[in-house]
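All chains are identified by letter, namely A, B and C, in their written order; residue positions are counted from 1 within each chain.
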Amino acid sequence: MNSWIQPHLFPPPKGHQLNSSNKMVEFSQLGDNEVFSAFTTYGTIALAKVMLMSVITSFFRITRKAFDNPEDVPNPHKEENIKKFLRKDDRVDRVLRAHRNDLENIVPFFCIGLLYSLSDPDLTTALWHFRIFVAARIYHTIAYLTPLPQPNRGLSWLIGYIVTFSMVYRLLKNKLYL
Amino acid sequence: MNSWIQPHLFPPPKGHQLNSSNKMVEFSQLGDNEVFSAFTTYGTIALAKVMLMSVITSFFRITRKAFDNPEDVPNPHKEENIKKFLRKDDRVDRVLRAHRNDLENIVPFFCIGLLYSLSDPDLTTALWHFRIFVAARIYHTIAYLTPLPQPNRGLSWLIGYIVTFSMVYRLLKNKLYL
Amino acid sequence: MNSWIQPHLFPPPKGHQLNSSNKMVEFSQLGDNEVFSAFTTYGTIALAKVMLMSVITSFFRITRKAFDNPEDVPNPHKEENIKKFLRKDDRVDRVLRAHRNDLENIVPFFCIGLLYSLSDPDLTTALWHFRIFVAARIYHTIAYLTPLPQPNRGLSWLIGYIVTFSMVYRLLKNKLYL
(Lines give C-alpha, C1' and ligand atoms only; values in the text may rest on other atoms or scores of the structure.)
Protein backbone atom coordinates (compact mmCIF):
# COMPACT_ATOMS: atom_id res chain seq x y z
CA MET A 1 0.00 0.00 0.00
CA ASN A 2 1.34 3.27 -0.99
CA SER A 3 0.77 5.56 1.92
CA TRP A 4 3.01 8.26 0.65
CA ILE A 5 0.41 10.84 0.55
CA GLN A 6 -2.52 10.49 2.74
CA PRO A 7 -3.71 13.88 3.01
CA HIS A 8 -6.57 14.46 4.73
CA LEU A 9 -9.32 16.25 4.51
CA PHE A 10 -11.48 15.69 7.40
CA PRO A 11 -14.32 15.82 7.21
CA PRO A 12 -14.83 16.72 3.62
CA PRO A 13 -17.43 19.27 2.87
CA LYS A 14 -20.80 17.84 2.26
CA GLY A 15 -21.46 17.19 -1.30
CA HIS A 16 -17.73 17.22 -1.86
CA GLN A 17 -16.67 14.96 -4.62
CA LEU A 18 -13.38 13.86 -5.97
CA ASN A 19 -13.23 15.70 -9.20
CA SER A 20 -10.27 15.50 -11.46
CA SER A 21 -8.90 18.81 -10.28
CA ASN A 22 -8.91 17.84 -6.64
CA LYS A 23 -7.42 14.53 -7.47
CA MET A 24 -4.54 16.28 -9.09
CA VAL A 25 -3.83 18.16 -5.99
CA GLU A 26 -4.40 15.46 -3.53
CA PHE A 27 -3.15 12.38 -5.13
CA SER A 28 -0.18 13.09 -7.21
CA GLN A 29 1.97 16.05 -6.90
CA LEU A 30 4.59 14.94 -9.37
CA GLY A 31 2.95 12.14 -11.34
CA ASP A 32 0.30 14.40 -12.72
CA ASN A 33 2.68 17.25 -13.32
CA GLU A 34 3.14 17.37 -17.06
CA VAL A 35 6.40 19.32 -16.98
CA PHE A 36 7.87 16.76 -14.58
CA SER A 37 6.67 13.88 -16.79
CA ALA A 38 8.30 15.52 -19.81
CA PHE A 39 11.49 16.08 -17.85
CA THR A 40 11.48 12.42 -16.80
CA THR A 41 11.32 11.33 -20.44
CA TYR A 42 13.94 13.72 -21.81
CA GLY A 43 16.26 13.54 -18.80
CA THR A 44 16.26 9.74 -18.98
CA ILE A 45 16.96 9.73 -22.72
CA ALA A 46 19.83 12.22 -22.29
CA LEU A 47 21.45 10.16 -19.52
CA ALA A 48 20.99 6.88 -21.40
CA LYS A 49 22.83 8.56 -24.28
CA VAL A 50 25.72 9.48 -21.92
CA MET A 51 25.93 5.89 -20.73
CA LEU A 52 26.05 4.52 -24.28
CA MET A 53 29.41 6.27 -24.64
CA SER A 54 30.93 3.65 -22.32
CA VAL A 55 29.92 0.90 -24.72
CA ILE A 56 31.33 2.81 -27.70
CA THR A 57 34.61 3.26 -25.81
CA SER A 58 34.77 -0.47 -25.05
CA PHE A 59 34.00 -1.28 -28.67
CA PHE A 60 36.94 0.81 -29.94
CA ARG A 61 39.27 -0.41 -27.18
CA ILE A 62 38.59 -4.03 -28.14
CA THR A 63 38.52 -3.68 -31.95
CA ARG A 64 41.59 -1.42 -32.03
CA LYS A 65 43.38 -3.17 -29.17
CA ALA A 66 44.22 -0.08 -27.16
CA PHE A 67 43.99 -0.42 -23.40
CA ASP A 68 44.74 1.62 -20.31
CA ASN A 69 45.10 -1.20 -17.78
CA PRO A 70 47.52 -4.15 -18.08
CA GLU A 71 44.83 -6.55 -16.80
CA ASP A 72 42.55 -5.61 -19.73
CA VAL A 73 44.97 -6.67 -22.44
CA PRO A 74 44.25 -10.04 -24.14
CA ASN A 75 46.43 -12.73 -22.54
CA PRO A 76 47.84 -10.28 -19.99
CA HIS A 77 50.35 -12.83 -18.68
CA LYS A 78 52.39 -12.33 -21.87
CA GLU A 79 54.74 -9.42 -21.31
CA GLU A 80 54.79 -8.59 -25.04
CA ASN A 81 51.02 -8.16 -25.19
CA ILE A 82 51.15 -5.56 -22.45
CA LYS A 83 53.87 -3.64 -24.27
CA LYS A 84 51.92 -3.84 -27.51
CA PHE A 85 48.37 -3.09 -26.43
CA LEU A 86 48.84 -0.70 -23.51
CA ARG A 87 48.66 2.36 -25.70
CA LYS A 88 46.78 5.44 -26.70
CA ASP A 89 44.55 5.41 -29.76
CA ASP A 90 43.12 8.44 -31.57
CA ARG A 91 39.71 6.87 -31.97
CA VAL A 92 39.44 5.81 -28.32
CA ASP A 93 40.65 9.23 -27.14
CA ARG A 94 38.02 10.91 -29.29
CA VAL A 95 35.23 8.88 -27.69
CA LEU A 96 36.65 9.63 -24.23
CA ARG A 97 36.56 13.36 -25.00
CA ALA A 98 32.98 13.14 -26.29
CA HIS A 99 32.02 11.22 -23.14
CA ARG A 100 33.67 13.82 -20.91
CA ASN A 101 31.93 16.60 -22.80
CA ASP A 102 28.62 14.85 -22.14
CA LEU A 103 29.37 14.67 -18.41
CA GLU A 104 30.28 18.38 -18.44
CA ASN A 105 27.05 19.36 -20.19
CA ILE A 106 24.32 16.74 -19.76
CA VAL A 107 24.77 16.26 -16.00
CA PRO A 108 24.40 20.02 -15.30
CA PHE A 109 21.41 20.10 -17.69
CA PHE A 110 19.80 17.29 -15.71
CA CYS A 111 20.40 18.94 -12.32
CA ILE A 112 19.27 22.39 -13.45
CA GLY A 113 16.41 20.90 -15.48
CA LEU A 114 15.13 19.07 -12.41
CA LEU A 115 14.95 22.32 -10.40
CA TYR A 116 13.45 24.10 -13.41
CA SER A 117 10.76 21.41 -13.77
CA LEU A 118 9.81 21.93 -10.13
CA SER A 119 9.60 25.72 -10.54
CA ASP A 120 6.22 25.59 -12.31
CA PRO A 121 7.36 26.75 -15.78
CA ASP A 122 5.05 26.97 -18.77
CA LEU A 123 4.62 23.48 -20.25
CA THR A 124 5.26 24.40 -23.89
CA THR A 125 8.33 26.46 -23.01
CA ALA A 126 9.69 23.63 -20.88
CA LEU A 127 9.07 21.03 -23.58
CA TRP A 128 10.98 23.05 -26.15
CA HIS A 129 13.89 23.49 -23.74
CA PHE A 130 14.08 19.72 -23.28
CA ARG A 131 13.55 18.83 -26.95
CA ILE A 132 16.13 21.27 -28.30
CA PHE A 133 18.69 20.24 -25.68
CA VAL A 134 18.38 16.51 -26.33
CA ALA A 135 18.42 16.95 -30.12
CA ALA A 136 21.48 19.24 -29.91
CA ARG A 137 23.38 16.78 -27.73
CA ILE A 138 22.60 13.80 -29.97
CA TYR A 139 23.84 15.84 -32.93
CA HIS A 140 26.92 16.82 -30.87
CA THR A 141 27.83 13.16 -30.40
CA ILE A 142 27.37 12.42 -34.10
CA ALA A 143 29.49 15.46 -35.01
CA TYR A 144 32.19 14.45 -32.51
CA LEU A 145 32.46 10.79 -33.47
CA THR A 146 32.16 11.05 -37.27
CA PRO A 147 33.89 13.64 -37.08
CA LEU A 148 32.03 16.35 -38.94
CA PRO A 149 33.91 19.56 -39.80
CA GLN A 150 33.43 22.54 -37.53
CA PRO A 151 31.21 24.40 -36.73
CA ASN A 152 28.91 21.35 -36.51
CA ARG A 153 30.17 20.24 -33.12
CA GLY A 154 30.74 23.77 -31.83
CA LEU A 155 27.23 24.95 -32.70
CA SER A 156 25.49 21.90 -31.25
CA TRP A 157 27.48 22.39 -28.03
CA LEU A 158 26.50 26.09 -27.98
CA ILE A 159 22.80 25.34 -28.45
CA GLY A 160 22.77 22.92 -25.50
CA TYR A 161 24.71 25.46 -23.44
CA ILE A 162 22.27 28.29 -24.20
CA VAL A 163 19.26 26.09 -23.38
CA THR A 164 20.76 25.22 -20.00
CA PHE A 165 21.57 28.85 -19.21
CA SER A 166 18.04 29.83 -20.23
CA MET A 167 16.82 27.57 -17.40
CA VAL A 168 19.45 29.00 -15.04
CA TYR A 169 18.19 32.49 -15.88
CA ARG A 170 14.58 31.58 -15.13
CA LEU A 171 15.53 29.90 -11.84
CA LEU A 172 17.60 32.83 -10.59
CA LYS A 173 15.34 35.55 -11.94
CA ASN A 174 12.15 34.31 -10.30
CA LYS A 175 13.41 34.23 -6.78
CA LEU A 176 16.85 34.44 -5.35
CA TYR A 177 17.04 32.96 -1.86
CA LEU A 178 20.44 33.85 -0.45
CA MET B 1 -4.87 7.84 -15.37
CA ASN B 2 -1.99 8.22 -13.09
CA SER B 3 -2.46 6.22 -9.96
CA TRP B 4 0.91 7.01 -8.56
CA ILE B 5 -0.52 8.03 -5.29
CA GLN B 6 -3.29 6.04 -3.88
CA PRO B 7 -4.68 8.02 -1.20
CA HIS B 8 -7.27 7.27 0.90
CA LEU B 9 -10.62 7.08 0.53
CA PHE B 10 -13.05 9.03 2.32
CA PRO B 11 -14.98 9.43 4.37
CA PRO B 12 -12.52 8.85 7.19
CA PRO B 13 -13.59 6.82 10.18
CA LYS B 14 -15.46 8.75 12.81
CA GLY B 15 -13.38 10.10 15.61
CA HIS B 16 -10.42 10.31 13.31
CA GLN B 17 -7.86 12.86 14.45
CA LEU B 18 -4.71 14.34 13.11
CA ASN B 19 -2.14 12.20 14.84
CA SER B 20 1.59 12.45 14.46
CA SER B 21 1.46 10.14 11.53
CA ASN B 22 -0.85 12.46 9.68
CA LYS B 23 1.38 15.38 10.50
CA MET B 24 4.28 13.60 8.94
CA VAL B 25 2.24 13.26 5.86
CA GLU B 26 1.60 16.92 5.71
CA PHE B 27 5.14 18.12 6.15
CA SER B 28 6.97 15.57 4.20
CA GLN B 29 5.44 13.48 1.52
CA LEU B 30 8.78 12.13 0.54
CA GLY B 31 9.77 11.22 4.09
CA ASP B 32 7.03 8.61 4.27
CA ASN B 33 7.76 7.15 0.88
CA GLU B 34 9.70 3.95 1.49
CA VAL B 35 11.24 3.77 -1.99
CA PHE B 36 12.45 7.35 -1.66
CA SER B 37 13.89 6.64 1.79
CA ALA B 38 15.73 3.63 0.40
CA PHE B 39 16.99 5.70 -2.53
CA THR B 40 18.22 8.37 -0.11
CA THR B 41 20.25 5.78 1.80
CA TYR B 42 21.76 4.00 -1.21
CA GLY B 43 22.22 7.13 -3.32
CA THR B 44 24.07 8.84 -0.47
CA ILE B 45 26.31 5.82 0.12
CA ALA B 46 27.13 5.59 -3.59
CA LEU B 47 28.06 9.28 -3.83
CA ALA B 48 30.09 9.18 -0.61
CA LYS B 49 32.04 6.31 -2.20
CA VAL B 50 32.71 8.47 -5.29
CA MET B 51 33.98 11.28 -3.10
CA LEU B 52 36.34 8.96 -1.20
CA MET B 53 38.24 8.50 -4.46
CA SER B 54 39.56 12.08 -4.08
CA VAL B 55 41.16 11.16 -0.77
CA ILE B 56 42.70 8.00 -2.25
CA THR B 57 44.11 10.08 -5.12
CA SER B 58 45.62 12.58 -2.67
CA PHE B 59 47.07 9.73 -0.61
CA PHE B 60 48.91 8.26 -3.62
CA ARG B 61 49.99 11.70 -4.90
CA ILE B 62 51.59 12.49 -1.55
CA THR B 63 53.11 9.09 -0.73
CA ARG B 64 54.43 8.56 -4.27
CA LYS B 65 55.31 12.21 -4.84
CA ALA B 66 53.58 12.58 -8.21
CA PHE B 67 51.85 15.88 -8.84
CA ASP B 68 50.05 17.67 -11.66
CA ASN B 69 50.48 21.27 -10.48
CA PRO B 70 53.82 22.97 -9.71
CA GLU B 71 52.32 24.65 -6.62
CA ASP B 72 51.49 21.23 -5.09
CA VAL B 73 55.06 19.95 -5.09
CA PRO B 74 56.85 20.02 -1.69
CA ASN B 75 59.02 23.14 -1.49
CA PRO B 76 57.81 24.41 -4.87
CA HIS B 77 60.29 27.29 -4.87
CA LYS B 78 63.07 24.77 -5.63
CA GLU B 79 63.23 24.32 -9.37
CA GLU B 80 64.59 20.77 -9.00
CA ASN B 81 61.59 19.63 -6.96
CA ILE B 82 59.24 20.71 -9.71
CA LYS B 83 61.24 18.79 -12.30
CA LYS B 84 61.34 15.74 -10.06
CA PHE B 85 57.80 15.54 -8.75
CA LEU B 86 55.72 16.95 -11.59
CA ARG B 87 55.15 13.56 -13.13
CA LYS B 88 52.72 10.82 -14.02
CA ASP B 89 52.46 7.77 -11.76
CA ASP B 90 50.78 4.46 -12.63
CA ARG B 91 49.12 4.16 -9.25
CA VAL B 92 47.74 7.72 -9.31
CA ASP B 93 46.52 7.31 -12.91
CA ARG B 94 44.72 4.11 -11.94
CA VAL B 95 42.82 5.87 -9.14
CA LEU B 96 41.97 8.74 -11.52
CA ARG B 97 40.53 6.24 -14.01
CA ALA B 98 38.51 4.51 -11.29
CA HIS B 99 37.23 7.92 -10.15
CA ARG B 100 36.25 8.89 -13.68
CA ASN B 101 34.50 5.55 -14.16
CA ASP B 102 32.50 6.29 -10.99
CA LEU B 103 31.45 9.69 -12.35
CA GLU B 104 30.43 8.04 -15.62
CA ASN B 105 28.32 5.40 -13.89
CA ILE B 106 27.28 6.48 -10.39
CA VAL B 107 26.13 9.99 -11.34
CA PRO B 108 23.76 8.68 -14.09
CA PHE B 109 22.57 5.97 -11.66
CA PHE B 110 21.75 8.70 -9.14
CA CYS B 111 19.87 10.88 -11.63
CA ILE B 112 17.92 8.01 -13.18
CA GLY B 113 17.38 6.40 -9.77
CA LEU B 114 15.85 9.62 -8.47
CA LEU B 115 13.29 9.72 -11.29
CA TYR B 116 12.70 5.97 -10.86
CA SER B 117 12.08 6.41 -7.12
CA LEU B 118 9.44 9.02 -7.90
CA SER B 119 7.69 6.76 -10.45
CA ASP B 120 6.06 4.55 -7.79
CA PRO B 121 8.00 1.32 -8.42
CA ASP B 122 7.48 -1.80 -6.34
CA LEU B 123 9.45 -1.41 -3.08
CA THR B 124 11.17 -4.80 -3.16
CA THR B 125 12.14 -4.42 -6.82
CA ALA B 126 13.51 -0.93 -6.16
CA LEU B 127 15.47 -2.09 -3.11
CA TRP B 128 17.18 -4.84 -5.09
CA HIS B 129 18.07 -2.40 -7.87
CA PHE B 130 19.75 -0.13 -5.32
CA ARG B 131 21.43 -2.91 -3.34
CA ILE B 132 22.86 -4.70 -6.36
CA PHE B 133 24.09 -1.43 -7.90
CA VAL B 134 25.88 -0.23 -4.77
CA ALA B 135 27.43 -3.65 -4.09
CA ALA B 136 28.59 -3.96 -7.73
CA ARG B 137 30.18 -0.50 -7.67
CA ILE B 138 32.00 -1.11 -4.37
CA TYR B 139 33.33 -4.35 -5.85
CA HIS B 140 34.27 -2.45 -9.03
CA THR B 141 36.45 -0.07 -7.02
CA ILE B 142 38.14 -2.94 -5.18
CA ALA B 143 38.74 -4.74 -8.49
CA TYR B 144 40.13 -1.57 -10.08
CA LEU B 145 42.46 -0.54 -7.28
CA THR B 146 43.84 -3.95 -6.26
CA PRO B 147 43.88 -4.69 -9.29
CA LEU B 148 42.04 -8.00 -9.64
CA PRO B 149 42.37 -9.88 -12.94
CA GLN B 150 39.56 -9.50 -15.45
CA PRO B 151 36.68 -10.20 -15.69
CA ASN B 152 36.25 -9.00 -12.07
CA ARG B 153 36.15 -5.33 -12.95
CA GLY B 154 34.37 -5.84 -16.26
CA LEU B 155 31.56 -7.87 -14.73
CA SER B 156 31.00 -5.54 -11.80
CA TRP B 157 30.80 -2.63 -14.25
CA LEU B 158 28.33 -4.58 -16.40
CA ILE B 159 26.08 -5.41 -13.44
CA GLY B 160 25.85 -1.74 -12.45
CA TYR B 161 25.19 -0.82 -16.07
CA ILE B 162 22.37 -3.36 -16.45
CA VAL B 163 20.74 -2.21 -13.19
CA THR B 164 20.74 1.40 -14.40
CA PHE B 165 19.29 0.46 -17.80
CA SER B 166 16.64 -1.62 -16.09
CA MET B 167 15.47 1.61 -14.41
CA VAL B 168 15.72 3.49 -17.74
CA TYR B 169 13.52 0.80 -19.31
CA ARG B 170 10.87 1.12 -16.61
CA LEU B 171 10.87 4.93 -16.85
CA LEU B 172 10.50 5.00 -20.63
CA LYS B 173 8.14 2.03 -20.89
CA ASN B 174 5.55 3.39 -18.47
CA LYS B 175 4.95 6.68 -20.14
CA LEU B 176 6.80 8.51 -22.80
CA TYR B 177 6.06 12.23 -22.76
CA LEU B 178 7.57 13.69 -25.91
CA MET C 1 7.70 27.05 10.23
CA ASN C 2 7.60 24.39 7.71
CA SER C 3 4.90 25.41 5.35
CA TRP C 4 6.04 23.10 2.63
CA ILE C 5 2.81 21.36 2.36
CA GLN C 6 -0.29 23.13 3.17
CA PRO C 7 -2.85 20.71 2.24
CA HIS C 8 -6.10 22.14 2.24
CA LEU C 9 -8.25 22.24 5.07
CA PHE C 10 -11.81 21.36 5.06
CA PRO C 11 -14.26 22.45 5.32
CA PRO C 12 -13.07 25.42 3.40
CA PRO C 13 -14.48 28.76 4.34
CA LYS C 14 -17.71 29.57 2.71
CA GLY C 15 -17.31 31.35 -0.48
CA HIS C 16 -13.92 29.72 -0.72
CA GLN C 17 -12.22 30.36 -3.98
CA LEU C 18 -8.99 29.27 -5.48
CA ASN C 19 -6.88 32.32 -4.93
CA SER C 20 -3.33 32.62 -6.08
CA SER C 21 -2.00 31.51 -2.73
CA ASN C 22 -3.98 28.30 -2.76
CA LYS C 23 -2.94 27.71 -6.30
CA MET C 24 0.65 27.95 -5.27
CA VAL C 25 0.16 25.28 -2.73
CA GLU C 26 -1.59 23.02 -5.08
CA PHE C 27 0.68 23.28 -8.05
CA SER C 28 3.97 23.59 -6.37
CA GLN C 29 4.50 22.00 -3.05
CA LEU C 30 8.21 22.58 -3.20
CA GLY C 31 7.89 26.26 -4.00
CA ASP C 32 6.81 27.04 -0.47
CA ASN C 33 9.64 25.11 1.16
CA GLU C 34 12.32 27.59 2.19
CA VAL C 35 15.16 25.08 2.36
CA PHE C 36 14.31 23.87 -1.12
CA SER C 37 14.17 27.45 -2.41
CA ALA C 38 17.59 28.13 -0.92
CA PHE C 39 18.94 24.92 -2.43
CA THR C 40 17.54 25.92 -5.82
CA THR C 41 19.42 29.22 -5.67
CA TYR C 42 22.76 27.86 -4.45
CA GLY C 43 22.63 24.64 -6.49
CA THR C 44 21.95 26.61 -9.66
CA ILE C 45 24.79 29.06 -8.96
CA ALA C 46 27.20 26.20 -8.28
CA LEU C 47 26.31 24.40 -11.52
CA ALA C 48 26.43 27.60 -13.57
CA LYS C 49 29.96 28.05 -12.21
CA VAL C 50 30.89 24.53 -13.37
CA MET C 51 29.56 25.30 -16.84
CA LEU C 52 31.55 28.53 -17.09
CA MET C 53 34.70 26.38 -17.03
CA SER C 54 33.86 25.24 -20.59
CA VAL C 55 33.99 28.82 -21.79
CA ILE C 56 37.30 29.43 -20.01
CA THR C 57 38.72 26.29 -21.64
CA SER C 58 37.59 27.47 -25.08
CA PHE C 59 39.07 30.89 -24.42
CA PHE C 60 42.52 29.46 -23.66
CA ARG C 61 42.33 26.92 -26.51
CA ILE C 62 41.65 29.72 -29.00
CA THR C 63 44.01 32.38 -27.63
CA ARG C 64 46.87 29.92 -27.10
CA LYS C 65 46.10 27.84 -30.20
CA ALA C 66 46.14 24.45 -28.48
CA PHE C 67 43.58 21.93 -29.69
CA ASP C 68 42.67 18.29 -29.13
CA ASN C 69 40.80 17.65 -32.38
CA PRO C 70 42.19 18.16 -35.91
CA GLU C 71 38.86 19.65 -37.06
CA ASP C 72 39.11 22.42 -34.42
CA VAL C 73 42.41 23.81 -35.71
CA PRO C 74 42.19 27.04 -37.77
CA ASN C 75 42.28 26.15 -41.50
CA PRO C 76 42.32 22.41 -40.77
CA HIS C 77 42.88 21.54 -44.42
CA LYS C 78 46.49 22.72 -44.06
CA GLU C 79 48.53 19.80 -42.80
CA GLU C 80 51.05 22.11 -41.12
CA ASN C 81 48.38 23.76 -38.99
CA ILE C 82 47.34 20.41 -37.57
CA LYS C 83 50.94 19.56 -36.71
CA LYS C 84 51.42 22.95 -35.11
CA PHE C 85 48.22 23.44 -33.12
CA LEU C 86 47.27 19.91 -32.12
CA ARG C 87 49.12 20.11 -28.85
CA LYS C 88 48.97 20.22 -25.09
CA ASP C 89 49.15 23.54 -23.27
CA ASP C 90 49.82 24.06 -19.56
CA ARG C 91 47.16 26.71 -19.24
CA VAL C 92 44.47 24.65 -21.00
CA ASP C 93 45.38 21.55 -18.96
CA ARG C 94 45.05 23.55 -15.76
CA VAL C 95 41.52 24.66 -16.65
CA LEU C 96 40.63 21.07 -17.60
CA ARG C 97 41.84 19.87 -14.18
CA ALA C 98 39.86 22.60 -12.40
CA HIS C 99 36.78 21.63 -14.44
CA ARG C 100 37.20 17.95 -13.59
CA ASN C 101 37.64 18.81 -9.92
CA ASP C 102 34.35 20.71 -10.09
CA LEU C 103 32.58 17.69 -11.59
CA GLU C 104 34.07 15.49 -8.85
CA ASN C 105 32.90 17.82 -6.09
CA ILE C 106 30.01 20.03 -7.19
CA VAL C 107 27.93 17.27 -8.81
CA PRO C 108 28.01 15.09 -5.65
CA PHE C 109 27.23 18.21 -3.58
CA PHE C 110 24.19 18.84 -5.76
CA CYS C 111 22.89 15.27 -5.56
CA ILE C 112 23.46 14.95 -1.81
CA GLY C 113 22.23 18.51 -1.22
CA LEU C 114 18.98 17.72 -3.02
CA LEU C 115 18.28 14.74 -0.75
CA TYR C 116 19.37 16.80 2.26
CA SER C 117 16.98 19.63 1.29
CA LEU C 118 14.12 17.13 1.16
CA SER C 119 15.00 15.68 4.60
CA ASP C 120 13.50 18.63 6.48
CA PRO C 121 16.74 20.12 7.90
CA ASP C 122 16.88 23.30 9.97
CA LEU C 123 16.73 26.30 7.58
CA THR C 124 19.65 28.24 9.07
CA THR C 125 21.87 25.16 9.19
CA ALA C 126 21.00 24.32 5.60
CA LEU C 127 21.64 27.88 4.42
CA TRP C 128 25.12 27.90 5.95
CA HIS C 129 25.95 24.55 4.37
CA PHE C 130 25.01 25.96 0.96
CA ARG C 131 26.68 29.36 1.45
CA ILE C 132 29.98 27.96 2.70
CA PHE C 133 30.10 25.33 -0.05
CA VAL C 134 29.48 27.77 -2.89
CA ALA C 135 31.94 30.34 -1.49
CA ALA C 136 34.62 27.66 -1.00
CA ARG C 137 34.20 26.35 -4.55
CA ILE C 138 34.37 29.82 -6.11
CA TYR C 139 37.56 30.44 -4.14
CA HIS C 140 38.83 27.01 -5.26
CA THR C 141 38.48 28.02 -8.92
CA ILE C 142 40.26 31.34 -8.33
CA ALA C 143 43.06 29.54 -6.46
CA TYR C 144 43.36 26.92 -9.23
CA LEU C 145 43.39 29.29 -12.19
CA THR C 146 45.55 32.11 -10.80
CA PRO C 147 47.30 29.90 -9.46
CA LEU C 148 47.60 30.83 -5.79
CA PRO C 149 50.23 29.03 -3.70
CA GLN C 150 49.07 26.12 -1.55
CA PRO C 151 47.31 25.66 0.82
CA ASN C 152 44.78 28.05 -0.80
CA ARG C 153 43.40 25.50 -3.22
CA GLY C 154 43.79 22.56 -0.84
CA LEU C 155 41.90 24.26 1.97
CA SER C 156 39.05 25.49 -0.21
CA TRP C 157 38.68 21.93 -1.56
CA LEU C 158 38.69 20.56 2.00
CA ILE C 159 36.00 22.99 3.18
CA GLY C 160 33.67 21.99 0.34
CA TYR C 161 34.39 18.33 1.06
CA ILE C 162 33.59 18.67 4.76
CA VAL C 163 30.34 20.53 4.03
CA THR C 164 29.22 17.73 1.68
CA PHE C 165 30.11 15.00 4.19
CA SER C 166 28.26 16.92 6.90
CA MET C 167 25.13 16.51 4.77
CA VAL C 168 25.97 12.83 4.15
CA TYR C 169 26.26 12.34 7.91
CA ARG C 170 22.86 13.90 8.55
CA LEU C 171 21.22 11.85 5.81
CA LEU C 172 22.64 8.53 7.03
CA LYS C 173 22.34 9.26 10.75
CA ASN C 174 18.64 10.12 10.68
CA LYS C 175 17.40 6.97 9.07
CA LEU C 176 19.19 4.20 7.31
CA TYR C 177 16.90 2.27 5.01
CA LEU C 178 18.79 -0.80 3.86
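The working rule: a contact is a pair of C-beta atoms (placed from the backbone, for glycine too) under 8 Å apart; a residue touches a chain by one contact, two chains touch by 3 or more.
None of these values were measured; they are calculated from a predicted model.
Comparing the contact residues of chain A and chain B by number shows a mostly separate set, under half of all numbers used being common to the two copies. Rounded to a multiple of 5, the Cα-based rotation taking chain B onto chain C is 120 degrees.
Top contact pair of chains, counted by C-beta pairs, is A-B. Note: centroid distance chain A to chain B, computed from Cα atoms, is 15 Å.
In chain A, the residues that reach two or more other chains under the touch definition are 7-12, 26, 29, 103, 107, 111, 114. Residues of chain A that touch chain C in their complex: 7-13, 16, 24-26, 29, 33, 94, 97, 103-105, 107-108, 111-112, 114-115, 118-120, 147-150, 153-154, 157, 161, 164-165, 168, 171-172, 175-178.
Note for the complex: chain A touches chain B at residues 1-12, 26-32, 34, 37-38, 40-41, 43-45, 47-48, 50-51, 53-54, 68-69, 71-72, 76, 99, 103, 107, 110-111, 114, 131.
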